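Look for chain A in each of the two complexes below; its partner is chain B in the first and chain C in the second.
So, the complex of A and B:
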């Protein structure tokens, strides 16, 4: 209970009053009767020397500032509980159960190893419930000795059940509140609650959120069968018409307790997450999971593949395989009306390098073989794209590709007609694929080791 | 009106600073005689000499109160009738040989021709002046004041009976420090000489660099008791009359008992006495002073100190060194940019750190904030106190190392840096990050070439630290805005202090943030030297030889063969 309540406004008013009195122009003439004769002579009466004024001014300013200290937003860093991931579930009664991964800075690698005390888990998993996110977060204060600080949260993770019930009411907090960042990744956990999922640990990385982040980045850059969606992307898709949101998908592969040897004292990792596929939403509700093939199909259509391996049959030695690493992929979606029906043309263009060739392979003997491989690549991509189109159009009926939005952008008048019944129009939407593939390099070798067919 | 005066107070702007009455038309050499009662117990110093030699001798010895170093030699010439002569000098300030052979000997034994027609005394005075004294510099003195000043500057005074004038002969000579390497402005490439204490030697160093007779040196005597000689040096035609008059006017205002260093003068003649910023650049390098004069500035030499004031001075110049001009311009520019970075670091780094740690924790990458947080675990002080204590400790260490003999000074820094720093971290008093921040700030502040600006930044750093700890970035910004408002309002002898950044002068930017090559610096700075701006011929950029010339040469060679 502070005895001294800072009142900057009052001080400012008083300070200005003092200043007014100090200024020579506003000097109040001293009364002869009260003051008497000034020891230093009459000419100095009622005047202050400029140095005096400046000193008083400086001291009063510094005093005002110093006495302000401690109020407003000041928080020492060691009083913060740095939260790095949110897990959100709904309880049976509809309340929100917010779980948080809170880092223990003193246990983070770098300070461990001193003495013989076994290193503890570098994070603290805590849950708190409330009728909305704000209340749940504030309820942490009841048992957390440090102030929850979520500006460094890297993840917002929903349990499957919660996602199926709808996430809009939860997400407003993340959009409105000052602290959480919109760059946090949004993921849904398959067959699990978020609170349960947050218990999982990663190999090689002590902090689960860092591990998760590494997983997403790695999978996006090297594998291409996942979606990398952050809160901002999700909220934009949720708030726009003609497009439905997707989110990343975490799955947990239960591990048998395996004794691990090495310097880490953690004896076992009980559950370890894998990242797999994507979660398709309709409006704010989860409607279905996309498997890895379908997810890559989605990424082809959205033009978001960064780097992915593509396997095709070696035309010179079937059924051996040729591995092409896609290094660049773009797509363009053009909506049009064909015979009064909405139609979408998707152009996908990609480049790849041959990184792995099995069996006999020597493009020098037959240059046409490269064209053949390119054709086979296009076939794979077409198959994957059609799989996801079929899944979304026929089974889930959710426009996660944003075809509606392209109509909205390119053909606004048409969209005015389509908008009302897009749910019925979307499954009937005709989609044509135009896939161009190019092979640029063949790695460090040209022909394969096996020289003769 | 109130706000005007409030802002006026805040930025220390005061129009009417002069409390002493403005002195009128004095002659330049004795400005002190008016308006100030002489504190000498002896007869008024400004009194003229009398024709009675004994009375004069008595007054001079009385004035010095029989000081041990005053030498009085009373003698008579070997002529008939003998002429009474008194010779005065101050032991230690004169070359004894010069006094003996150049003054005493010729006076005692004048040539026979002269002694034969030994005429009345006024003629002997003229003869002594014109023919007898074998000293290069001889001047006449009319008043006791002149004699006192002359004696104190190593001259020998010759008083001849029946004359109300005295002769001052230039017999100066004393032990003085030689020309050494500059202690505060050392360079890797460039001249190694620096000014010493004596004014004449210093002006000589300047004269050696600027051989044109347009280099003018004006002298004043300031200080009621010290009688310090202050000299203005400028180049006729480059320094404007307005600036010169302003400098003269401000110097003449100074009425003080003593001036022992140019710092005394600086505080009397600067524009904003309450500003923390140094408004006059000081240098102990003759090359730097010469370069400034070439830009139309005025140098103020003070006897007794190697530090010369350059007026006017601008903030960007405080971040330049002579070496910028001696090294290749790429290097010069790069190093200069680094200095700008360093001075910004030395001003704001601790406050930015404190602000981020206590207010804006979301601004750091997660890994970094975790690392800092893990180091802050168990530190008993708030970040601000930690920063303040360490900064204070650093200032104490620096001060301790500065005043000690060099050998012990190193020991202090080792104790301070290694032992205290390491122990404080291990004892959990301060965090390693804070130590890094403070050390980085310290190193950055050493990268500021002019010490007076570096200590200003140190002072302001503490102010910003307090602001940062109370208001976060908002406080830092408020502080920096205030500093900038103050800076743009500053003037150095009437010229904007931030020139050419303050009022942007594109042509002067060539030598501010970067230093362009010399062949691209055709003009002098605009405000300071407005009359004679062009300083070099056009098209001096070196070019490779033309192809035709090469062909010609080849042809010639062919002919020759």
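So, the complex of A and C:
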């Protein structure tokens, strides 16, 4: 009788049994079970177990080792070109020009020691065209030794012209393909093609997408005059009724190269992006740009302001300014029908701290001064909100606030009547603002600095 | 004569088995089916299905307890007469074999769509079926312990994919509630009800329970747990994707893909794949065990373990024949087709047998017999 009979099925089955038995709880009461089909199984297995374990372990180790390498879907990281941003333009004949920022991993590591070669740019910018996104992406294979892997793409960037022509046909790829993620940020470049835009570099960070991400995060958290929109938000706004999409906006302000004196090797970045404002869409087409004030107005209405500086005139020394840092802002939109006409009530509540005061400022002598500042803050917010409302209602006629969607949510029957002619109703929609502001702290100083005479 | 199945499992093992079986469909195809029909109100259909399934679970347990030493296959001839009872048993067994093939196919399609586009589905199907047939051969005891030992991990991973995307959730997307009234929702209830009613698998297991008196409680909590998980999945999927959820083939996978917390906790969708693997194996093994034990009892065979690999081949063929892509799957899993079919087989049989047991006053032998 041969010593060793390979019985993989048995080993696998027993392997599973033993693995299960390894659970502490199952170990406590192994006798409860009655092994009908193995009347003397327990004893025999008790003697055989060590050998069996070794065989099973050996078999499973070899099996796992062999199966881990994969067959059909084997992907080596060395064969991938890791893409971190997509730039999409339309060419004149309607083809798609897809530009990609691809990381060069060997250059990211950064060998800046003495005697080494001059530092290499850590990314590769490549473009390829096709009749749709898939073809454009596959066309990369014609000249890229590694194939595009876009699961790490952080950005989808459209050129202005492309966005004006409509992006719906491009976006399907990003929803359908298994690699791109819906968390990628969606932005439109002002006055430029995306391919041209991707040539820009950022100060402080070597990889452009990281820089772009940094800009978006900082501007959202500290400045408040931008919108932070990802693909999922955009697709939801595109696919829902009563709301139109917005997207972030990149702009490039050309720089004049300035010679810097000194010994250290310096490279001046000539093209560096600025993030500013927002792109307002109607359906899938870009219809207009919102400037900083209007964008912040939009964010007040949507309740998405995180931190932002709000400047008001100092009531105690009129031309001078008081800087309030808004730390919290919320909004609530309540739709209603007033005399058969749609009406929207927007309630904005915010809190801020005084962080900067010019001129004479002394809340001790006049406690009403803080109330006064709060009123002025409300006035600024009202002005900004009205600016964006006017722009979207009268000029662009696009409901980026989602007022229609609030009607749909709260007054579904009314919305059934409004849905068909929302384009004509929206510009006539009456909006009333109710703004509550509150100053919580006035910083580490009480009065402002003044020269004692 | 030796009993066919000598194993015993605890009520908790049965509970984990049934919950994990439900999680298989929940984490793969179910949300897209209900959302496609009932839109943002689909969470209400789930709620209705839970409410409907709870008493049915208790009924199934009552029926099982009435024949404490017999499986459904064995007591249905007693209630319906030999030929009809045999037919019911055949339907019952066929249903679970069919589900096994669908589970296997779902998992293969899911893997093809998400990470392994090049791998031929037949390879994935064969691997899964061989594994589950081998597990099923080991008897209910092993399957039960497998489920029990992986339960906490699987549930934890599922809850992780449920709660981590909450920073993308907008619960106002759930409004307006019932904009079109309740009536359009009612057909959609059949689909989650058909899934939750898979607890009728327990009617094959109740004779092997170590504490059969806990059967009712077990089924009750099974429905409650898996119902809650389905409900949460549906709510969060709608809150994250709004109407675009109707357009997604694998919403739970997409939900995991969207997880991004502070730009460092992201790209963890592979958790969902791990969950799929485990729960598909357990569900396929469990239902294949029914598909083996059932015919063995129908035809009075001496053993059932020998049926594992032949049944595996049947399952492989059925899985290959079932459907090719998600579009075909969605047109199959409609309330009119799948809903009626599953609810008829699962709940219809239970209701019929319970009514007969009550009317004809039949009871199983509580003494230890050699019937099983």
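Some observations on this one:
Note that the second predicted complex is superposed on the first by the 365 of 453 C-alpha atoms of A that agree within 3 Å, B and C clash if a C-alpha of one lies under 4 Å from a C-alpha of the other, contacts with A are read in each partner's own complex, and residues count from 1 in each chain.
Methods note: a residue touches a chain if its C-beta (ideal position, glycine included) is under 8 Å from a C-beta of that chain, and two chains touch if they have at least 3 such contacts.
Predicted, not measured: the structure shown is a model, and the values here were computed from it.
After overlaying the two complexes on the shared chain, residue contacts for A:105 are found with chain B alone; chain C is out of touch. With both structures placed on the common chain, the touch criterion links A:410 to chain C but leaves chain B unconnected. Look at A:151: by the touch rule set out above, it reaches both chain B and chain C. Touch criterion met: A:57 reaches chain B, while chain C stays clear of it. Once chain A of one complex is fitted onto chain A of the other, the partner contacts of A:78 are limited to chain B, with no touch recorded for chain C. Look at A:364: by the touch rule set out above, it reaches neither chain B nor chain C. When the shared chain is aligned, no partner comes close enough to touch A:339: not chain B, not chain C. Residues 19-20, 23, 25-26, 72-73, 151, 181 of chain A are contacted both by chain B in one complex and by chain C in the other. The residues of chain B lying in touch with chain A in their complex are 1-2, 5-6, 9-10, 12, 14, 274, 357-359, 361-362, 366-367, 369-374, 376-379, 382-384, 466-467, 469-472, 475. By the touch criterion given at the top, residues 2-8, 113-120, 123, 131, 134-135, 137-139, 141-142, 145-146, 148-149, 168, 172-173, 175-176, 179, 210, 240-244, 247, 254, 257-258, 260, 263, 266-267, 303, 305 of chain C touch chain A in their complex. Listed in rising order, the residues of chain A touching chain B in the complex are 19-20, 22-26, 50-51, 53-54, 57, 62, 65-66, 68-69, 72-78, 80, 82, 84, 103, 105-106, 108, 110-111, 149, 151-152, 154, 179, 181, 210. If you check the complex, the residues on chain A that touch chain C are 9, 12-13, 16-17, 19-21, 23, 25-26, 32-37, 71-73, 151, 175, 178, 181-183, 213, 232, 235-236, 239-240, 408-410, 412.
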